Amino acid sequence: MNGGAMFYGAAIALIIGGIMIAATKRNLIKIIIGLNIMETGVNLLLITTGYISGGTAPIMNKTWTKVVDPIPQALVLTAIVIGIAVTAMALSIVVRIYEKNNSLDIRKIKEMRW
Amino acid sequence: MSSIIIIFVSILVLFMLGATIVAWVTKDLLIAVLSSGAISLIASILYLILQAPDVAITEAAIGAGLTTGIFVYVLKKTERFEK
Amino acid sequence: MVNPILIIAISLFGAFFIALISPFVKRTGKIIAFLTIGFDLYIGATLALKSLRTPVIAYTAGFKPPFSINLVVEPFSAVFLLIVLTISFLISLYYLAHPGEEPEDKFFTLLILNITGASGIIMTGDLFNLFVFFEITAISSYALVSIRKQKASLEGGIKYLIISSIGSSLFLVAIALLYGQTGTLNIADIAAKLPFINKSVALVAFLLILVAFFVESEIFPFNGWAPDAYQGAGEGISALLAGVISKAGLYALIRLTFTLLDLPLRSKLLIVFGIMTFLIAELSALKQKRVKRMLAYSSIGQMGLVVAIFGIGTIPALKAAIFQGVNHAVSKVALFLLVGMVIKNLGIYELDDYKGLGRENPLLGLLFSLAILNLLGFPLFAGFWSKLSILLSTGKQGLYLLLSLILTGAIVEVYYYVRFMKILYERNEEASHLEIHLLEAIPIIAMAAFIIIIGVNPGLITPLFEKASEAIFMKFSYINLVIGG
Amino acid sequence: MIKKVLIILLFVLLGLSLYSVVKYNTFGKDKTVVARHYIDYGMKETGSQNIVTAVVVLYRGFDTLGEVTVLFLAATALGALLHGLRFKSKEKEPSSLIVSTAARYIFPLIILFGTYVFVHGHLTPGGGFPGGVIIASAFLLLFLAYTQKEVSEKTLSLTEGTAGILYVITGLLGLVMLNSFLANFLPKGIPGKLLSAGIIPLIYILIGFKVGAEMTGVLRNLKEEEK
């Protein structure tokens, strides 16, 4: 065992857990928290994909032999920033919905049929 | 990866899953937000273990820090408890 | 030398420029958006013409692919680029005479970025870059849908956001899977390595991509957001959803399932889900009392039809699908803009309120009828030729069940649109008169002219579709283009 | 009902992907072609010691421009959506003396740290995005400590607009001089020095300012409407 199952397992569990929260909960903020957890899971999955056993961080010093894959790290940097953008966007809509309906429950918001 | 690190990682992962479950079941949205922040924080430790310091810093600053801050502001404006 | 990157760079420049000057000079967004999109259209048209002879590739950062991101304009993307930019330009023209949503400068910034994202999706040759542009388009769409801040718009926006975020995360999982297998992100490079990708990984990645872009191209059962988003958004934005955003999603769906992961399963899935969407949406449209919601369901149905025809996958079918896509974009955008003019003047939403409007306002009635008849495929309109080629290409493949289902859906469609036209021309003494601003009408008249000219002489435009369908059909020419030579 | 079917479908899909990921994308194995190139030639080609930075700013710089745009988009959209929002006013209590005094001394330190992070992006882990966010968090502290404190929208809008335009212009200069958008047209220098890696530090500084301004704007917008 080299820890791979651990990282992959954690990533997949977060993705599934996040989607479950987003799909089963009725509270809008809970749903957005679920989306956040899912995004963390996806990012962890990407980073795990780029890991190379015994590799060091891709910062070049004089003595380096094996280096982990820099590309997934670059991708995840982008994905994290996109994640907060979506979250901020979602929360601003939620604030507006709360102002209009005085509730965060998607069942109580009249026209919201799922 | 040495077995000590694997054990350490297992504990972190267990915490992470625990936090997910807490976020799922709790009625207090503030606790849910904080557990989502905790998940981000643990993820950033995992990134360090996976040799991704750039990502770890970004995740800690954005995922754990700023996102939680924004959530808390929004909770202040709306309501804290799920009905 | 025209470089596709200019489209992205100039649009971003325009958007940042609005942010820079908006605190000092208010209400410049409209003009800047118009100029920026006009410039985009100019570059896009030049590129499209050029790409019919030799495809255009541009590298970024001075490194060749697969080491850097590249943009590709070849006939298939050129056609979509032309549709998207032309429609966007017409919509920005419409907004010159029509008030934008408040706050106006921010609204037009979002509009520019949305169009930038859509053209980026169409031009990029890199999988992760596609994801980034996809997010730009998606996030600006959420905002544009909900910017009216009415109940319906906010709901449409948040539903769209939730479903689409899950879709885009699944797309990212697919990217992770493919990257783990091939070690590259270039679409052509991955396509070339497809035989070496593990079969089940390829299948899972394929399904994930399918789900992600079914959300965006409004395919059942991932289109729960679409009717609300169409209904809640401003009319110009509904037009944008029908003519630009869904078309960019469609392009990505087709590009990724035909070039990137060319699996035999594709044909069945696209046909089944497409035709299902078509039938369900047309039946739902039948029940609607509100004009915008009816048009929304009709729009979803048309997307389903186009996807189903793409699924057949022969060159004539691809040609028919592209043609139908163009016709749908033109007609539906015209209809939404017309509805927008009616709402601005009279503030009416229900189907029954339209009683006699066409009789009282001949120009309005004429434009409404033209767009509807084109959508229905009335002879001597552009829509006739695309519907005809759909039927021919389906029949030729011996897919008679599909053919009969398409005809069923089409009959339903004829029924509710003819009902709508009857209401328009009903006798009604109280029908009100509309002030039509010339600038508002110009985009719609331009589209009507297109419908008639192509209807009389379809040979003007079909060679373009011919080239485009050949380009998407032969994936190896794309691969050679990018990483060969 | 539709929703339930959707959920089940998603779980089947995810279960499948779990299976294939764990089984076929072997953990810890070197599987890359492109990354090999970046690792072997990256420092020579770009002059940046931190290869992730080289990938983010140069090789995949176009993504990063898109990423900056996404953030700009979110800030703009948030401003547009919260425009004109009025909530019931809550009593505003000034924060305690300790917090406000501490904030006065810590604020410049955090700003300095954020600047350090984005200026050294090509040498050490960090870069424009975390740097900008750290700066925004300094303003968050300020907002918490001094509830009346304001950052004018003009300044923020001006900063993000200017930084964005300069970023695009830097890219276009590459297009003009080296015929490729966002190409590195400045000398690469000696890897490891502060003034090296051509346009990388320049772009990271612009990103740092832009992200800082945008995130501060987001926080400000969320805070302001409480009045």
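Labels A, B, C and D are assigned to the chains in the order they are written; within every chain, residues are numbered from 1.
Here is the rule we use: a contact is a pair of C-beta atoms (placed from the backbone, for glycine too) under 8 Å apart; a residue touches a chain by one contact, two chains touch by 3 or more.
Since we're looking at a predicted model, the values are computed, not measured.
Asker: Computing the C-alpha centre of each chain, which chain sits at the greatest distance from subunit C?
Answerer: B
Asker: Compute the distance, rounded to whole Å, between the mean C-alpha positions of subunit C and subunit D.
Answerer: 30
Asker: How many angstrom lie between the CA centroids of subunit B and subunit D, rounded to a whole number?
Answerer: The separation of the two C-alpha centroids amounts to 19 Å.
Asker: Measuring from the mean C-alpha position of subunit A to the mean C-alpha position of subunit D, what distance in angstrom results?
Answerer: So the centre of subunit A lies 16 Å away from the centre of subunit D.
Asker: Could you work out how far the Cα centre of subunit A sits from that of subunit C, in whole Å?
Answerer: Averaging C-alpha atoms per chain gives centres 28 Å apart.
Asker: What are the residues of subunit D that contact at least two other chains?
Answerer: Counting only residues that touch two or more other chains, subunit D contributes 2-3, 6, 10, 17, 21, 25, 28, 32, 34-35, 38, 50, 52, 59-60, 63, 66-67, 70, 73-74, 77, 81, 87, 125, 127, 129, 218, 222, 225.
Asker: List, in ascending order, every residue of subunit C touching at least 2 other chains.
Answerer: Counting only residues that touch two or more other chains, subunit C contributes 128, 132, 135, 139, 142-143, 146, 149, 166, 173, 176, 180, 185, 224.
Asker: Two-or-more-chain contact residues of subunit B, please, as numbers and ranges.
Answerer: 1, 52-55, 58, 62, 66, 70, 74, 77
Asker: Name the touching chain pairs, would you?
Answerer: Pairwise, the chains that meet the contact rule are A-B, A-C, A-D, B-D, C-D.
Asker: Inside the complex, what are the residues of subunit C that reach subunit A?
Answerer: These residues of subunit C touch subunit A: 128, 132, 135, 139, 142-143, 146, 149, 151-152, 154-155, 157-159, 161-162, 165-166, 169, 172-173, 175-176, 179-180, 185, 224, 228.
Asker: What residues on subunit C touch subunit D, complex-wise?
Answerer: 3, 5, 8-9, 12-13, 15-24, 58-63, 66-69, 102-103, 106-107, 109-110, 113, 116, 120, 126, 128-129, 132-133, 135-136, 139-140, 142-143, 146-147, 149, 166, 170, 173, 176-177, 180-185, 198, 200-201, 203-204, 207-208, 211, 221-222, 224
Asker: Considering the complex alone, what residue numbers of subunit A touch subunit B?
Answerer: Spelled out, the residues of subunit A in touch with subunit B are 1-3, 6-7, 9-10, 13-14, 17-18, 20-21, 25, 27, 29-30, 33-34, 36-37, 40, 43-44, 47-48, 50-51, 53, 55-59, 68, 73, 76-77, 80-81, 83-84, 87-88, 91, 94-95, 98, 103-105.
Asker: List the residues on subunit D that touch subunit A in their complex, please.
Answerer: On the subunit D side, the touching residues are 2-3, 6-7, 10-11, 14, 17-18, 21-22, 25-30, 32, 34-35, 38-39, 42-43, 49-52, 54-56, 59-60, 63-64, 66-67, 70-71, 73-75, 77-78, 81-82, 85, 87, 124-125, 127, 129, 191, 218, 221-222, 225.
Asker: Under the stated contact criterion, what part of subunit B meets subunit D in this complex?
Answerer: 1, 52-58, 60-62, 65-66, 69-70, 73-74, 76-77
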